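In what follows, subunit A forms one complex with subunit B and a second complex with subunit C.
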Partner chain A sequence: MSAPRSAAPGRRGRVLRLYAPLGLYLLFTIVPFYWMLVFALTPAGSTAPVPWPVTFDHFATVWNGLGYAVFFRNSVIVGVWSLAVTTVLAVMGGYALARYRFRGRTLFMVVLLCTQFIPGAMMLIPLFTIFKSLHLINSLGSLIVADTVFNLPLSIILMSGFVSAVPFSVEEAAMVDGCTRPRAFLAVVLPQLRPGLIAVGSFAFIHTWNNFLFALMFVSRQDSFTIPVGLSYTIGEYSADFGALAAGGVVAALPVVCVFAVVQRYLVRGISAGAVKG
Partner chain B sequence: MATMRRKAVPYLLISPTVALIAAFLVYPIGSVAYYSLQNRNLTRPWADGFAGLENFRRMLFEDELFWHSLGFTAKWVIVEVGLQLLLGLALALIVNESFIGRALARSLVFSPWAVSGVLTTGIWILLYTPGTGVLRFLGRPEAAVLGNPDTVFPAVIVAELWRGVPFFAILLLAGLQGIPGELYEAASVDGAGRLRRFRHVTLPQLRDAIVLATLLRSVWEFNNVDLLYTLTGGGPAQVTTTLPLYVAQRAVDSKDFGYGSALTMAGFVILLFCSILYLRLSRFGAQR
Partner chain C sequence: MKIRTAWAAFAVLALAAGGCGSGSGSDDGSGKTTITFWDNNGGARTPVYQELIKRFEQANPTIHVEYVGVPIASVQQKYDTAVAGGDTPDVGGVTTSYLANLVGQQALEPADDWLAKSPVNGKLAKPMLDSVRATVPDGKLYLVPNTSNMDVVWYLKDLLPTPPGTWDEFFTDADTLTKAPDQYGYTIRGGAGSIFQVLAEMYSYSGISEFFDATGKSTVNDPKNVEFLTKMASLYKKDTPEADVTNDFPKMVAQFGTGKIAMMHHNLGSYNDHVKAHGADKIGAFALPAGPSGKRTIVANPVDGFAVFKNSAHKDAAWKFVEFLVSKESNSYWNSKTGQIPANTEAQTDSWVAALPHLKTAVDTLADPGTTVVSPPYYLPQFSSITKADTEPLFQKVLLGQMKPQAFLDTLAQKLTDAQAEWKKAHGG
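Coming up: the complex of A and B.
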C-alpha cells in the first residue's frame, strides 16, 4: 500500500504482518482436509500421519457397498436441475429489476431481502405438509423445488447487480440496428453476463449439493438419498470404520471443492457488483 | 397496445419467482401460524384438532428444554459470529495485499466455505476422536472432547469456525475492493500510518459490509442445524441444543407438528425482533 521507509524493517514487518498469520491460517484450513485424505487412502488400523501405503479399498466400499454411487447420481440430478432453474429465473428477475422501473419493484426487492431471514430449519414442517399433498415426498422433485426457492432470492439480487453493470447503451445500439429487445438481450447482454451466470450457477449448485435437512426430512427411501444424507448415516452407523467415513467425505467434497476453486474469483466480484448496486 | 405490452414485461419476468415464493415461502409461514394453534402429530392422527394456545402454554411454562435452547442459541450465535468477524476481517485484509501466490492462497483459505455441515462433521469427528485425531500429537491421547460437557462447546465452535470464517472473508474482501484507492493516498499524504489508515479509512468504509455480513451470518448461524445435528445431536445431555435444532428434532424424530409449529413461531418472533433491533442500533445505510 505504501513504500516502506527502508527495505529491511519493511520485509520483517511483512513477514510478521502477512506471511506468518497467513501460514498459520492455511495450516488450520488444510490440516482437516489432509487428515480426511490420509484416512481415506490408508488401510484400516493405520495410524501413520502420511498416506502410505495407499489403498483404494475404502472408496470401493462406499461407492459400491454403501450405495454412494446412487447417492452421487441423486445429488447430481438435484444439483443440476436446481442450478438450471435458479439461473434462468435469476436472469429474468435480475433483468426486470435492473432495467425496468415498475410498480411494486420496491416491494419485490423488500420481499427478496426478507426471505433471507427465513430459516430453512423452521420451514421443515409446513413444507413437508405441502409436499405430502403434492405427492412429492420421497421424490427428488421436492428437493429441486425447495432448494430452488431458497436459492432464488439472493441469486436475483446478485444477478441484477451484474445486469446493471452492462451499459444500457449497448442494448440500445443493437435495437437501433434493428434487433428486437429479446434478440438484443441474447446477442449483446447475455454474453457479457458470463461472470454473473457462473457466480450464480455455482452458488446454486453448491448450496443444493450441500443441503442436508430438506433431504433428510422429505426423502426416507434409501434409493432417493442424496450425498449429505448418505454421509450422515455413515457417520452414525460406521463410526468405527473411519476409512469409509473419510472416503465418503472425499466423494462429498470433490465436486464442490473443484467447482469452488474454479469460480472463487467470480464470486468475490459478483458480491462486489451486487453490493455496489445495493 | 404497444405500451400495454411493454408495461407487462417486468411482471412477466418476475411472475415465476413470485409464484414460487408465494407457494413455498409465504404460504408455509401462514400455515405454521395455523398449525401452532392445533394438535397435530403424524404418529397420533386421531388426536388432531383445535388446541388454542395450549402449545404455547406448554412451551412457555412446562418446557425447560425450550428455555435452555434459547440460552444456548444466543451463546452460540454471539460467540460464533463474533469470532468469525474478527478472523474473517483479518483474513480479508491479508489476502487483499498483493504477494506472490495470492490467487492460490485465496482459493485454499476460502475453500471450506463450499463444504457442507455434514461433511464438516465427518472431518472433525476424524480430528476429535481419541486414537485417530490430531490431539494425540499434542499429547492428549484420551481426550474425548465431544462427549464431555466442558469441552464440547469450544470443540463445535472451532469446527464451525473452520467452515464459517471464509464467508466473512469473502464478503469483506468484496467490500475492501470497493474502497477507492485515493482515500488511502490522501490519508498517506496527511501522514497517517498503517493503523490510523485502518481506523479512519478502512473501518468506516467497510461499516455497511460488516453490519450486513454479521446480520446475515447471525441469521445463518441461528439457522445452522446440519453441523450440530450430526456432530453432537444436541448433546451431551442436550447442552448444545439450539432452538432450530430442537424444532428439527421434533419434526424429524417425533413428528409432533403442532408443538413444533409453536416453537417455530417463537423462533420467527425472536429472529425478527433481534434483526430489527440490530439494524436500528447499527443505523445501517445511514448517511455519514
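Coming up: the complex of A and C.
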C-alpha cells in the first residue's frame, strides 16, 4: 500500500520539475513557428488565431510569383555541394591535426579559431575581387567555395576532436595486419566517425542554406539567387507581404527542420565529442 | 583502389563546383546587346518591370535586358560591393538617399546630355529634377526621376469620418479615438525609419522651410519643433500601443491592418497593403496637417529613378532603356501599379491618378502654390547614419521618457550642423 503513496508524489515532483518547465519552454519556442504557419495558411488581413479558412495562395505566390522554385533548387545545389566539400576537407584536416604532431600545430588551431571571429561582411570585397578574377561571379560555384571556406575552420576543429576519440592503437592494429595508412583510415577510422561526419555535414548544410550575404553579393543573376534572397523580397521599401513572408519562411525552414529531425541525435553527440577533445 | 576513386570523386566535385554557374556576358551570340538592370526594390514590383522589359524588347529587338531584383534592405551594400569590385550593372534603380554616395565613388554617368536630346526632355517634373541635382555637389543629373512619394496619414473611415485639418485637431482625434482595451487613435513609428517621419511631422507643424539657417546651423531644434515633439511623445502609451517603441514600417503597417488603429503616418507606398487589409473604400489619406502658423510645409521624400553606370559597355543602349522607362506610357504604367507619383508630367494627368483619392491628395498638395517643400540634406554623406544608427535609439529614449525632447533635438541638430560644416568645407561652400 505504501508504494502507490510514494509513487504519486514522485510523479507530481517529476511533472513539476521536468515536464512543466520543458512544456513551457516548448510553448515559448513553438509559438513563433505556429504564428508563421497561421500567417502562411490564412488569407491576407485575417487576424484569426487558428489557420482557418485555409488558403495556399501565399505558397503559390512565393513558389511561382517570387521564383522560389528556382531559388530552392539553387539552395539545394549550393547546400549539398558545400556539405560534401566541407565534410571531405574537414576529415582530411581533422585527421592531420589529431594524428600528427608538427611545428606550429597549436598556432594553426588558434588561427582556425580566430577565423571564427571575422565577420563575412569584412571579407566581401576581397572575396568579390578574387572570384571576379576567377570568373566565378554570378556562379553558384562562388557560393559553394565561399561557404565552404567559412564552414571549414569550425568543421576541422570539430572533426579533429572526433578523430582523437578513436584510439590510434586501432589504426596501428590494422597496419600491423598489412593495411597502408590510408587503407587503415578508411577501414577502421572512418566508420567510427559517422556521428562526426553527420554533425559537420549538417552544420555545413544549415550554415550554407541560411547564408544571405554571400548569396546576394556574389550573384547578380535572377536565376542564380538562393532562398534567403527570395525571403527578403517579401519586405519591400514601402510594403510588406506577411503572408508571402510566412509561406517563404515555411519553405525555407522545412529542409532545415527535416535535417535536424533526422540527425539531431548524431548532431548533439558529434558536437559534444568535438568540443571537449583537442 | 578506393583511395583513387575518392580522389577522382573529389576532383569531379571541385570541377563541378567551379562550373555550375550560369555565367554572364553582354552579347548572347545572336547579335543582341545585353544590358543588365538592377531593380533597387526587388520583389513585389518585379512583375511590373518584367512587363515593361517585355514591351521594351519588342520595341527594341536588338537589345536584351537582364533583370535583377535586389532586396531593398541590402541595396546600398550591393552597390558598394559592385562598385569596389568593378562589376556594376548597366542601369540601376537609385534613390536620392544614396545617390551622393554613388556619385562620390564616381560610379555613375551624368544624363544631362542624353536628356537634352531626348523626347522626354521637358516632360519630367521640375521639382524632382531639382531635388536630384541638389543632392550632388556638381549639380549634374546622375539620376533620371521615375517617381516620388509623399508622407500622408492613413486613416480608417469607419473610425474617423472627417480627417483633421490641423495638428491640434489631430491630437484631439488621437485622444478621442483611443478606447480601452485595444483601440488606439494613432501608432508611432519608434523603430527603424523613425527619424525621417519625425522630421516630416515637426517641419509640417513648425512651418520652417529650411533645414539650415544662413549660418549653416540646423533648424531641427527650433523651439516650435521641440514643442511638437513634446506633444507627439506624450501620445506614446496613452493613445498608441506600448509596442510602438520598436515599430518599423512592416510592424506599423501590420498593426494598422488589424483595424485597431485609427491613424498611421506613412507614405503613399503602403497603399496596396491597406487595400488588401481593409478594402479601398475603408481607407483614406490626408497630407500632414498644418501647424499653428497655418502654413503647409512638407519634407521632400527621396526621388527614385534610374542611373546609367560609368562602367557600362553599352551606355547608349542603357540610356535607351532609361528613356523608355520614364516615357509617358511606361511611367504611367509603373506608378499606377505601385500607387506613387509619376515623374512624367504627362503621366500625372492620366485618369487613374485622379481616381485614386490618396494620390490626388498628394498631387494636389504638391501642386498647391501655398505648399512649401523642405529638402532634407540628402547630399550629406552622413545624413543616413545620423538619421538612423546615431539617433533612432535616442528617439526611443524620448518615447520611454528617458531623454527630454529638447536634449534629443539638440543632439540631432548638432550632428547635422557639424556634417553640414564639413560638407561645406570639402566643397568650398
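Here is the rule we go by: the second predicted complex is superposed on the first by the 248 of 278 C-alpha atoms of A that agree within 3 Å, B and C clash if a C-alpha of one lies under 4 Å from a C-alpha of the other, contacts with A are read in each partner's own complex, and residues count from 1 in each chain.
FYI, contacts are C-beta pairs under 8 Å (C-beta built on N, C-alpha and C of every residue); 3 or more make two chains touch, one makes a residue touch a chain.
Keep in mind it's a predicted model, so treat the numbers as computed, not measured.
Asks: Clash or fit: what happens to subunit B and subunit C when subunit A is overlaid?
Replies: In the superposition, subunit B runs into subunit C.
Asks: Report the partner of subunit A that touches more of its residues: subunit B or subunit C.
Replies: B
Asks: Mind working out whether A:Leu152 is in touch with subunit B, subunit C, both or neither, as first, second, both or neither?
Replies: first
Asks: With both complexes overlaid on chain A, does A:Met36 touch subunit B (first), subunit C (second), both or neither?
Replies: first
Asks: Once the shared chain is lined up, is A:Ile144 touching subunit B (first), subunit C (second), both, or neither of them?
Replies: second
Asks: If we overlay the two complexes on their shared chain A, which of subunit B and subunit C does A:Ala199 touch? Say first, second, both or neither.
Replies: neither
Asks: Once the shared chain is lined up, is A:Val256 touching subunit B (first), subunit C (second), both, or neither of them?
Replies: Touch partner of A:Val256: subunit B, not subunit C.
Asks: Touch test for A:Ala184: subunit B only (first), subunit C only (second), both, or neither?
Replies: A:Ala184: touches no partner chain.
Asks: Looking at the overlay, does A:Ile235 come into contact with subunit B only (first), subunit C only (second), both, or neither?
Replies: A:Ile235 sits against subunit B and subunit C alike.
Asks: Counting only touches as set out at the top, which of subunit B and subunit C does A:Ile77 meet: first, second, both, neither?
Replies: Only subunit C is touched by A:Ile77; subunit B is not.
Asks: Based on the superposed arrangement, let me know which partner A:Gly45 touches: subunit B (first), subunit C (second), both, or neither?
Replies: A:Gly45: touches subunit C, not subunit B.
Asks: Under the contact definition given at the top, report the residues of subunit A touching subunit B in one complex and subunit C in the other.
Replies: 47, 121, 124-125, 128-129, 145, 212, 216-217, 232, 234-236, 239, 242
Asks: Under the stated contact criterion, what part of subunit C meets subunit A in this complex?
Replies: So the residues of subunit C in touch with subunit A come to 2-3, 10, 13-14, 16-24, 36, 38, 41-47, 66-74, 77-78, 81-82, 84-87, 89, 149, 249-250, 253-254, 257-259, 266-270, 272-273, 276-278.
Asks: If you look only at subunit B, which of its residues touch subunit A in the complex?
Replies: The touching residues are 7, 9-11, 13-14, 16-18, 20-21, 23-25, 27-29, 31-32, 35, 87, 90-91, 94-95, 97, 99, 103, 105-119, 121-127, 129, 131-132, 134, 137, 162, 170-171, 173-175, 177-178, 184, 188, 194, 197, 209, 216, 219, 222-223, 225-226, 229-230, 244-245, 247-248, 251-252, 257, 260-261, 264, 267-268, 271-272, 275.
Asks: Inside the complex, what are the residues of subunit A that reach subunit C?
Replies: For this pair, the touching residues of subunit A are 44-45, 47, 65-66, 77, 81, 84-85, 88, 121, 124-125, 128-129, 132, 134-142, 144-145, 182-183, 186, 212, 216-217, 220-224, 229, 232-242.
Asks: Can you name the residues of subunit A that touch subunit B in the complex?
Replies: So the residues of subunit A in touch with subunit B come to 1-2, 18-19, 21-22, 25-26, 28-33, 35-36, 39, 47, 49, 89, 92-93, 95-97, 99-100, 102, 105, 108, 111, 115-130, 145-146, 148-149, 152-153, 156, 206, 209-213, 216-217, 228, 231-232, 234-236, 239, 242, 245-246, 248-249, 252-253, 256-257, 259-261, 264-265, 267-269, 271-272, 275-276.
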